[in-house]
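Once you've had a glance at the structure underneath, I'll fire off some questions.
Here the chain labels run A, B, C and D in written order, and each chain numbers its own residues starting at 1.
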Amino acid sequence: MGSVFGNKLKISIFGESHGEGIGVVIDGLPAGEEIDLDEVYRQMQRRAPGGDKTATPRKEADMPEILSGMLGGKTTGAPLCAVIRNTNTRSGDYGNILSSPRPAHSDYAAFVRYNGANDIRGGGHFSGRLTANIVFAGAVCRQILKRRGISIAAHIYSIGNVKDAPFDPTGIDSELITRLNGEKFALVDTSKEDAMRETVGAAHAQGDSIGGIVECIVQGMPAGIGEPMFGGVENIISAAVFGVPAVKGIEFGSGFSGAALLGSQNNDEFYYDENGKVRTRTNNHGGALGGITSGMPIIFRAAVKPTPSISKEQKTVDLQTGENTTLAIKGRHDPCIVPRAVPVIEAAAAVAVMNML
Amino acid sequence: MGSVFGNKLKISIFGESHGEGIGVVIDGLPAGEEIDLDEVYRQMQRRAPGGDKTATPRKEADMPEILSGMLGGKTTGAPLCAVIRNTNTRSGDYGNILSSPRPAHSDYAAFVRYNGANDIRGGGHFSGRLTANIVFAGAVCRQILKRRGISIAAHIYSIGNVKDAPFDPTGIDSELITRLNGEKFALVDTSKEDAMRETVGAAHAQGDSIGGIVECIVQGMPAGIGEPMFGGVENIISAAVFGVPAVKGIEFGSGFSGAALLGSQNNDEFYYDENGKVRTRTNNHGGALGGITSGMPIIFRAAVKPTPSISKEQKTVDLQTGENTTLAIKGRHDPCIVPRAVPVIEAAAAVAVMNML
Amino acid sequence: MGSVFGNKLKISIFGESHGEGIGVVIDGLPAGEEIDLDEVYRQMQRRAPGGDKTATPRKEADMPEILSGMLGGKTTGAPLCAVIRNTNTRSGDYGNILSSPRPAHSDYAAFVRYNGANDIRGGGHFSGRLTANIVFAGAVCRQILKRRGISIAAHIYSIGNVKDAPFDPTGIDSELITRLNGEKFALVDTSKEDAMRETVGAAHAQGDSIGGIVECIVQGMPAGIGEPMFGGVENIISAAVFGVPAVKGIEFGSGFSGAALLGSQNNDEFYYDENGKVRTRTNNHGGALGGITSGMPIIFRAAVKPTPSISKEQKTVDLQTGENTTLAIKGRHDPCIVPRAVPVIEAAAAVAVMNML
Amino acid sequence: MGSVFGNKLKISIFGESHGEGIGVVIDGLPAGEEIDLDEVYRQMQRRAPGGDKTATPRKEADMPEILSGMLGGKTTGAPLCAVIRNTNTRSGDYGNILSSPRPAHSDYAAFVRYNGANDIRGGGHFSGRLTANIVFAGAVCRQILKRRGISIAAHIYSIGNVKDAPFDPTGIDSELITRLNGEKFALVDTSKEDAMRETVGAAHAQGDSIGGIVECIVQGMPAGIGEPMFGGVENIISAAVFGVPAVKGIEFGSGFSGAALLGSQNNDEFYYDENGKVRTRTNNHGGALGGITSGMPIIFRAAVKPTPSISKEQKTVDLQTGENTTLAIKGRHDPCIVPRAVPVIEAAAAVAVMNML
């Protein structure tokens, strides 16, 4: 039942890469909320493969179809289901994965889990394509959150060893949020794009891939939201964000670097701002104390491992013959999914936040 | 409802630092499991404040009392409830926290969340003392897991900038597990203890505190356990481990450092070992692929922020007067909770693992 | 979030009567299970409006399309999504319901719940049409359950005051199960059909409707399944069965009539049967004791209220004018949904049982 | 995990009849709610065995102790835990139940479920004594609900064939609610008490027991509360009420008798009352339409089977010898638990209602 997330707002994701279609059911949306589907599609384009640096619009076939839950541009309160048809299956590209699990892919683990009955074509239910559903659900949620004063933005914090300028953890301005929300290669400091693309290109040239880190900020959360212990901001966001394939770590506020600090360095001092609102001057706590929002932005970083699919030859096993073998993954593969992970992680955060309100 | 965790095995934690008592109800334990309560108490002593480097036994009053769920040393299958009485309240130590929220503590967030009705004495429900319940629940689970071939160990990966030798992520030997499971200051390389204690002592001498990182390994998990997307190993473990106060980050396998690697560096190649078992030579994936166990150890690190309670003067607000003020936290405080976080994080992992089987 | 049911097996239902389509996502199905979709469609036909007493096949358009979770006729272990398109909307039939809530329909309650934003055409998400999804999910589950020796059958226990012969609560033979599973008007004693149809016809002739009772049996459940208190057989089955619109009561075993009995009359005595299996000679307990299966059949009855839609004039309010008014529901309506409720209730029971195993 | 109920408000019940103690953890209570514990205890006395028709106060030992979640008479927002010690174990009374399961008790089902490891003394976790926890939780909830205008009352609808006057389903007056809430033998028409006591006495004289029906009303629920399908009023209330041992059926509004009616008889017509509020003149729907409250009282009846424990000789099996045998249950037993079930069912309804708001 891993494909269902949430409590106050439940999303139920379905689909396999090369099946008939993929989609998501969102249950628990408030009724009467206007949803701009064009904006939803724009968010989905940010995640879609290809299109980066080009004006090529996505094919109509990739448009989600709304089967339920919307009427006259507004939510009805009933579960909202969106379906995206699969049209381009290319199953030939992956002809050998049944026998030879791809290193660092879910192939082997899923083979054991499902006794070999799972659909392995294109990664099946584990395909990155399924994240389109998360983006869809998140984009719907973000419009509702925005109306409640809550904005979410993320950027490529790093690719390989190339770093963007970090977010100001005490808050970023709305122009930056708007700009980032519209980009496929989202950077605070756009001058870093060339260096990052070079890093990606160098990996690609060798048939390799490269990982990175995504940083995400949630602004406008009122103080006092969340639950202690297992119902805290970090628990819920991490449970959602680890639902994004390739995420292998998450840290809030100063996170791992804060673990090397003194209390006097890491503690965020409170003060009354000019409007009489309690704030902190720094935001090492990342917006949550005891699991509950402090009123400061929620800020977290997620580690995205390098795409497992590489064309370099790798050692693996042959599950059919029971012998060790080698594998070079044929066909196109994306050498760096970090830019495309940005809107997915924003969306996962949005779904998580909807579950806190 | 943040104090309830789990699905297949549910733990429900209650208590406030200075109330009558704290405790936990564990629902979903298999019946007929022998539980060595002395071993459970030993695990609880590893977390207990004081006692480190001394032979002083804990006071009887701190012993958990089993109210239900055990008969003749075995689980009955009914919910197991353990209660620990609070005897030493020292509420005077924290006399000013109502008006002045301690920086980096839950005080302010909880004040807003509960409209000031929460028990603030000693941190109330947010007190680190509540983690005794997690250790209790985890210690019970660990005995059951051990009978199924699953062992859990953790160590102080770092305090400040002093690092222990890391775990071999492909597996550690049972002697090391046994030794670590018995220690209050758990290190792979015990020669690092002096340097770590010096770091802690230096912080303490200045009325300050210091953070650190805990590394945890779960060995013996069969391959094929877990669910895709939101039901994966990382989702469930992170949702449990962020239930431990002061944890601000978690990473699996190569985690954040893996995000800077090439795919060819980070991918773990499969091979058949001498027993015909599929394994990987490295374990950058940390034991889970697509959320599902690979049969390799689950390995993760959790960032523990420095204890917020420090006696150095800090700026804060006075919620009663509405003015900015300063605060120096009086009374004893533990300058480094990282050693005591080790058994708590092991326990949280144990509860998480019980929810996967 | 009311449209999601279950824990071990989760079904997530979506759709509105006059929207694009309806459907269900089933998460948690075991992988590798062969599913005969023709048999699934046959079960859906038993619920479908019309077709009773005729050989007219349903239109292709009403066939569910499987979007995911099946490959080569077997479950893949990934969420199974089935979608049924809506083609025939007839929204004109219900032109006045926005202003005048139909007595005993969900119209008024939903209007308040969703601030008038819900899709009211044809009842929207509350339409009986949505039960097609329950039948779909149940029919899939029933094939899996059958392989584990568990069969489910139901019949029209009564319509109005005309009663069928009741099930033998200690068990019915497999021929009867097979016969009932294939019928649209399922009766133990088929000689009662004429009297029931007369009762329905008499109501219909007056523009009225008539209620009834469905009795359902689950055979082959091993003893020892279920949880105490809130996780018992009765809790789970009732939570599922009240998901079927129009069900207003449920009783297990002797149920309400047992409440008038002496203990010595109602208690079911245990004995060893010829195979050394513990059984009871009577089955007033309905297969569950303390919420846990006894090994005897689970037997329950569900009260189905008369269809609210009647063409007789009724009093109601006009929500637009704020005045009392009258209403006669135009268009076709089914004067008795009890026969069609039979496969829906069987299906709800099947989904509930899958959540116990 | 059957001993945990709820989502918005979770109760986690623990304890065995003859263990150290029983209790409940209530997670999700709003903070700052004043709770009159004397009133809570009074509700618990209504359920307590003995004391009926006498002035004997319960022993201090039976008083619940609040371990957490309350401070200065108000809820803190943290989980509230109450524990009741077991002092009087009388395990000798039930010396033979290990070998011979009592007909209609959970003994046999639990024996299989827990492989014989469960605590069988006094019924263990299945003991009716555990319902004290439900009454505790419900009594706390009822005080909170009352402040929101919601009242709950129940009465003995029938014992055997003796019936009380039914509730007016469109609403009862507050005096009747107050009176019923204070009684151990709660009747609308108190003149029926003698006949009911005679029926009970006659059963008792023969070493037998007798069942009955409890009717419960929830007044003051606003319209528009609840979710469609599986999250409806009936689903949630039935899932809670079937948590009360001995309940074998539940019906809402006209329930089973409504199943014999015509739509024109069973439909409740809407009208505007003198305050412009939408109401229905009858309440056959029992306060919920499509699972969502209509603003009319929620009314339901629960069938309570006769107590299984009777001193008459009954047939059963001997699980040790594998032979058929007989059993006469020794010791005191309550010949009719219906009066004591009244406050338990009210409490279960209160917990259910808290989960809807």
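We adopt the following convention: a contact is a pair of C-beta atoms (placed from the backbone, for glycine too) under 8 Å apart; a residue touches a chain by one contact, two chains touch by 3 or more.
Fair warning: this is a prediction, and the values are worked out from it, not measured in the lab.
Among the remaining chains, the Cα-based centre furthest from that of subunit A is the centre of D.
Interface comparison, B-D versus A-D: the higher count of C-beta contacts falls to B-D. Between the CA-based centres of subunit B and subunit D the separation comes to 39 Å, rounded to the whole angstrom.
Work out the mean CA point of subunit C and of subunit D, and you get 27 Å between them. Mean C-alpha position of subunit A lies 46 Å from that of subunit D. Residue positions of subunit D touching 2 or more other chains: 1-4, 7, 13, 78, 113, 125, 228.
Those residues of subunit D whose C-beta lies close enough to touch subunit B in the complex are 1-4, 7-10, 12-16, 19-23, 25, 27-28, 31-32, 65-69, 71, 74-81, 83, 113-119, 124-125. Contact residues of subunit B toward subunit C in the complex are 7, 78, 228.
Subunit A makes touch with subunit B in their complex at residues 1-5, 13, 101, 103-113, 125-126, 130, 158, 160-161, 203, 206, 208-213, 223-232, 234-236, 238-240, 242-243, 245, 247-256, 258-272, 276, 278, 280, 284-286, 288-295, 301, 303-310, 312, 314-317, 319, 322-324.
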